[in-house]
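Paired with chain B in one complex and with chain C in the other, chain A is shared by the two complexes that follow.
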Partner chain A sequence: MNPDLIDQYFNAECAAALAPLVTLAGGLLLLIVAEWFEPINRLRPLLFVGSILGAAWAEVALLNTPVPAVLGGTYSADKASAMWGLVFLASTLIAWVHARSYYRKSRPFLGEHDMLLLAAPMGMMMMAGALDLTVFFIGLELLSIPLYCLASFRRDRSESVEAGLKYFVLGAFSVGLFLYGVALVYAATGTLSLTALSEAAAAGFSPMAHVGMAFILGSLLFKLSIWPFHLWVPDVYQGAPTPVTILMATGTKAAALAFTLRITGLLPESSAGLIALLAVLTMAAGNLGALVQSNLKRLLAYSGVAHAGTLLLLVAAQRASGDLSYEATSAALFYMAAYVATAGGAFGLLAWLEADGEHFTQIESLKGLGRRRPGMAAAMTLFLLSLGGIPATGGFLAKWMVFSVTLDAHLTGYAIAGVLMSIIALAYYLRVIVAMYMEPASDHVAPPTAKRTDALVATAICAAAVLLMGILPNVFLGLI
Partner chain B sequence: MHNLTLLTFLPALGALIVALLPNRDERVLRGITLFVTSVVAVLGVSLFCAFDGSQSALQFTQSVDWFTLGKTNVHYEMGVDGISILLLTLTAILMPFVALSSLGHITERTREFLVWLLLMETGMLGVFASADLVLFYFFWEVSLVPLYFILGIWGGERRLYATVKFFLFTLAGSLLMLLAVIALVSQAAADGVLSTNIAGLTDWASTTPLEAQFWLFAGFAIAFAIKVPLFPFHTWLADAHTQAPTSGSVILAGVLLKMGTYGLLRFGIGMFPAAAINAAPLFMILGAFGIVYGALLAMAQTDMKRLIACSSVSHLGYVVLGMFALTHAGLRGSVLQMINHGLSTSLLFLLFGALYERRHSRAISQYGGVAAVMPLFAFFWVFAVLSSVGLPGLNGFVGEWLILIGTFQRSPVLATFAVTGVIFGAVYLLSATRRLLFGEITHDETRSLKDLNTREVAIVAPLCALCLWIGVQPGVLIEKTSGSLDALVQRVEDTRQGMVVGNLVDPQTEEDVR
Partner chain C sequence: MVDLLFYVAALVAVLTAVGVVLARNPVISVVSLLTCFGSLAVIYLLAGFQFLAAIQILVYGGAIMVLFLFVVMLLNLGGLSPEDEDGDDPLFHDRRRSAGGLAVAVALGSASLIGILRGARHLAEPANGYALPDEGFDALPALAEAMFTRYSLPFEAASVLLLATTVGVMVLAKRQRAVTPAGEKRP
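After this line comes the complex of A and B, so read on.
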């Protein structure tokens, strides 16, 4: 092999940039080995958490010494990617902790579960750091394939299998869209590198390249659950095991958003209005859909759609005004960090309730939760208020930053529409709070005695993070 | 630690203690709440006494770096001027009485109630004490949540409807204000004002051209008009008041509505004087209309709490009318009327609450001849009613008088129209009083009613004394506000001069006002 090439690819910079991925991959391999040896198998949780923390440590190191481009300019470990990496790892860890309680009774293939779950953040990191459409594609598949399996992981429940299948079929469709778009772009420009593509875009794309970009954007909107590509969300979120839903709702969305923000420069400038319109329509679809739900998991799924719409405003703002790229990225990061803690906490509570056998996915059955399990109800209230963007929670500042960027990009009408939508959102979040605190319990259920220390710790950390981001946001804003 | 911070967060600390205390004895929890609110009241009064009314600058200020949004620095900044010190003190004084009155009607989930009550106090005090726009917005929305729970859990039979209506109405306003706040902050940042300090933003905003001010003013004004509530945004008030438990009604009437009028004064007029001058005729008309409309609504009510709620719409019409007259007298009267309405309406709610606890009916027709069995109640009730209708010698008179003078200077027609509200006010409150207290005892249950007990007298007597004191000595309060209000009038007049010179204003509008 050419020694120059080796130097070019395997230097210290490259090692630092890839350290998070390599750590996760190493952990994944060790998990596979651990399956063979019963004595080591007990250490599996340690291995999992260790890999996540190791990867997080590597990401923090990258925050201080970012690497803009490695591997021949196909992968970037800049500050934003490192922050995104931390968001993904947090989302995975929350999902994993709740999965431990969730599967305690049924224990199906916990080893496989952990392996698949550990592969997901690798895929997300590659998506967020990709500077090349091929790298993004590999990341997308590395994320999606484990998720297909995880979504149908509860084979004893037909809804779970249905969710997995739905997610697979629609995911395959969106991947198909993506590849078709890539083919068109390549045919038109002869390159897959984002750097080269942005030069080509500056010189003027051919119509074929524009069509290709439209396909690529479409597939990203699928992952982001944007109207009209959002219809799979409620079914899949509801059917999938709740811990997996956590990952899909937070991590996947963040990864797709990170890459979308990276490629806005390749879209025509006139698309800003269209994207903003899609954002508002998504908010409308999500909020109006959530308004009529009686199932809390579905309600949160629709609310996730609405949040995706809010996030898309950032994409539109970044497209409308090229100067706002830093502001849009930091707003997106803060929003997603808050959303991981908030939605992760809320879905986590649902997983906890389900694990306790309360079948608590109906809003109806939450009645009287405020008296039965006051701590849980208080945490749920906090998460819902944060989703609604009430101050002193992370959700408020997240909303502030998004609307601030939107107004700076002179998308005033869309910002007003978005604000009006969040009134509808509060209406259904309040409905849940009303059920928990203000309506009498239909039948008295004794609180289960089983202690779930891990779920409790995860919920407490999420709640603390939500409050911290709301009251002392500089802790997070300083990082960005 | 600074006085204002201590004052604001002491109740939150109390809430934490009440929430986490392992002791399950309700009396201990109530005792802690009463103690904390009383300490806050004492602190509030001492701040009031130490406040120098001749100055217009903020006093007792404190500023700490908080966080950075883009290029803008947000500070944790506290400080009060002559307007906010009055409302701050009113809040601090009212809360121990609210806590004491809750003993009568909050019988279940007491611990939760006390936690919300204390958090509510922190939110309200914070609104009046914050000197940073973002901090203000924080407190503004945070104060919404506790009241939501107080109304929703301990309210009357249709509480859920009223609660959600209240929350969504005010939230709609808050979110419009949020957009205005964000737009204001980002435009100011583009102009080089990189702080969300209210004084700094005011200096910047009040000199921007009229077109720029218009939309920002509209965003703020709608939010505050909903909170006041100004006609036509008043419909949430009657439901919320009626369904709220007594303590909730008192908080709503006594303090929460003042947050709206305070905001109009501080942000609407203070920050956007040019837009406010242009919008003044509209607001004066809405205010005057609200006075009469609220009074007419009140006349038609058969439910006592609804009647008091409608009277609030009427009384707050005066506040808005006097405020947008933009004269020395009008503004002074308006601020004074905020305090007066807070005291006398709270009194009415507290007294009727005591009656409601005995009979559990809000219908006026259920009563009659109460004075014969409850003489103490009758005395205090009549006192509160007279203070509310503005009998000379009691507090209500001074505020209304100043407002009418201020309005007359600007527009005799509107002043004449508004004066009819005084008559209507006397009509509905006195006739309700007659039906409530006097005449034959029509229901047997009334005969066995017990008069006010020591606790209830201890709640209402000090407030009545305060009403009398303000009625006799209004100068003390007016003096405290004079520095701030003079500065405000000065700013408005300067803007008016600039507008006339620059022909920014349509002369026709000026004519209309006169």
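After this line comes the complex of A and C, so read on.
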């Protein structure tokens, strides 16, 4: 090859920008090789955590020396993508810790489980850093296909298989929408690069490009679980193994949001109102749906839909007022970081409780948990309060930042509707807390007994992060 | 002549695509899909994408279709089971729902069609008119250069994707054996 080309494309900047992806890919290959050799196979946890920490270290290095665009402007490792990368890695690590003792020890394919789990953050990073629709598409697939398999990982349970199939069929449909949109945008503008597209958008898109962007946005809303594309969420979150749900609820949502924020400039200005309306409808659908649930996993799934609605307000705000993009991105990052800690912590506690039987996902079975396992109940209370947005937790500040950005964009009515929805949300979070502390334990339900050090450490770290973000937010805001 | 060829290929592609969905015998579905791929290859060729047309025939028409036929033959040697022939077509089982789905599909399709038709008028004619270069639009040197420079990240990531997919398919499809803690396998 022409040596000039090599210098132009594969230089030190490129190496730094791709270092997190290369670390994860290397770890993934080593995990496969480890399957063949029993002595190395025992080091599998070390390999997994090592790759995650290595990738995190590379992301931190990128935070200090960001690389705006590499590989001919198709991939960006700017500060925001590096922060998003850390969010994805944290979400994967939490999912992995809780997966460790979730499955039976005799379960085959646990090595493959870890390998698929490591492929997902690679896809998320490509989605968050994509400056070209091709890069985003491969990232989307690299995230989705491992998740389809992981969602149906418990093949002995029909719910898990159903979750995987539902996720696959709807995911394939949304990818089809995306590709159709990309084809239309390319036909109208002749480029797939986001930089070139935003120049074309500034000069005025043709109707064909607008239709294409609508399809692309539709497929992103699918992944973000926005009304009316949210119907798959409760079934899939409930059916999938709980550790996998952690990754789906936090990581996937963050990746789709990161890219949606990147492409808001390509949407027509008039779409801000429509997006804000969708956000409010999503919050309503999620919160009203959660009110009537008796299963905590399903309740958290509906609450995840409501949170996605809140996050979509940021997209609307950024579209309504172009100079809010820094505020919107930092609010999204803070919100998702808090959400990874809270939802990861809450789903993680559920995975822990499930070691004593699947019935512990029912709110009914959690009655009296405050006396039986005071530590667990206290952590669950903290996570639920943070999800509900009570002051002194990360969730409160996250919501406050979102609503203040929405107000700055003069979407006052939508912000008020959002605040009202958050009050409805408290009703169902408090119902769980009431069941844990104020209702006597039922005699048919044996108290949960499982003791797990790794889950305990993960839960403690999540709880500490939630409190820190609520009390000393400057520690986190300083990073952004 | 070229126009005529395009319309014939396009018509065949649409009709066979509909046939893939509507055929009740899986073998007919697969053969319709094969014909659809073939007519798409003709369209690619007419549009000046020679390499893409060749790949379409080799990969889709060849490798993937053989795989499809294998799976269909392995899974469904006996053809349709009796209850399927009672006219209880799963696709149209619930008339109201299929009508609703059809309505949404028609609405989305016509909305995008209007956008495309209005957009097509806005498309500027290329500087050199619509002349087709001799080596086609997808000459291999340019394609290879783009693939290994600008698009090297998605190209390399696609190999990780294929690896993950292979592992995932194995996890889902392989018969599971319980492994005793000592590492011995028992059926």
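Here is the rule we go by: the second predicted complex is superposed on the first by the 468 of 480 C-alpha atoms of A that agree within 3 Å, B and C clash if a C-alpha of one lies under 4 Å from a C-alpha of the other, contacts with A are read in each partner's own complex, and residues count from 1 in each chain.
Following the convention adopted for this analysis, a residue touches a chain if its C-beta (ideal position, glycine included) is under 8 Å from a C-beta of that chain, and two chains touch if they have at least 3 such contacts.
Note that this is a predicted model, so its numbers are computed, not measured.
J.: Considering only the touch criterion stated at the top, classify A:404 as touching first (chain B), second (chain C), both, or neither.
T.: First partner only.
J.: In the overlaid three-chain picture, which partner chain does A:138 touch, first (chain B) or second (chain C), both, or neither?
T.: In the superposition, A:138 touches chain C alone.
J.: I want to verify the contact counts: of chain B and chain C, which reaches more residues of chain A?
T.: C
J.: So in the superposed three-chain picture, is A:100 touching just chain B, just chain C, both, or none of them (first/second/both/neither)?
T.: After superposition on chain A, A:100 lies in contact with neither partner.
J.: Applying the touch criterion given at the start, work out whether A:438 contacts chain B, chain C, both or neither, answering first, second, both or neither.
T.: first
J.: With both complexes superposed on chain A, which partner does A:122 reach: first (chain B), second (chain C), both or neither?
T.: Second partner only, chain C.
J.: Do chain B and chain C land on any of the same chain A residues, and which?
T.: Common to the two interfaces on chain A: nothing.
J.: Can you list the residues on chain C that touch chain A in the complex?
T.: These residues of chain C touch chain A: 111-112, 114-116, 118-120, 122-123, 145, 148-154, 157-158, 160-161, 163-165, 167-172, 174, 176-181, 183.
J.: Using the touch definition from the top, list the residues of chain B that touch chain A in their complex.
T.: 66-70, 109, 137-138, 141-142, 144-145, 148-149, 152-153, 159-160, 163-164, 167-168, 171-172, 175-176, 178-179, 182-183, 185-186
J.: Could you list, by residue number, the parts of chain A that touch chain C in their complex?
T.: Per the touch definition, chain A meets chain C at residues 1, 5, 8-10, 18, 21, 25, 28, 32, 38, 71-72, 74-75, 105-109, 112-113, 115-116, 119, 122-123, 126, 132, 134-135, 137-139, 141-142, 145-146, 148-149, 152-153, 155, 164, 180, 184, 187-188, 206-211, 215.
J.: Per the contact definition, I'd like the list of chain A residues that touch chain B in the complex.
T.: 327, 371, 385, 390-392, 396-397, 399-401, 403-404, 407-408, 412, 415-416, 419-420, 422-423, 426-427, 430, 434, 437-439, 472-474, 477
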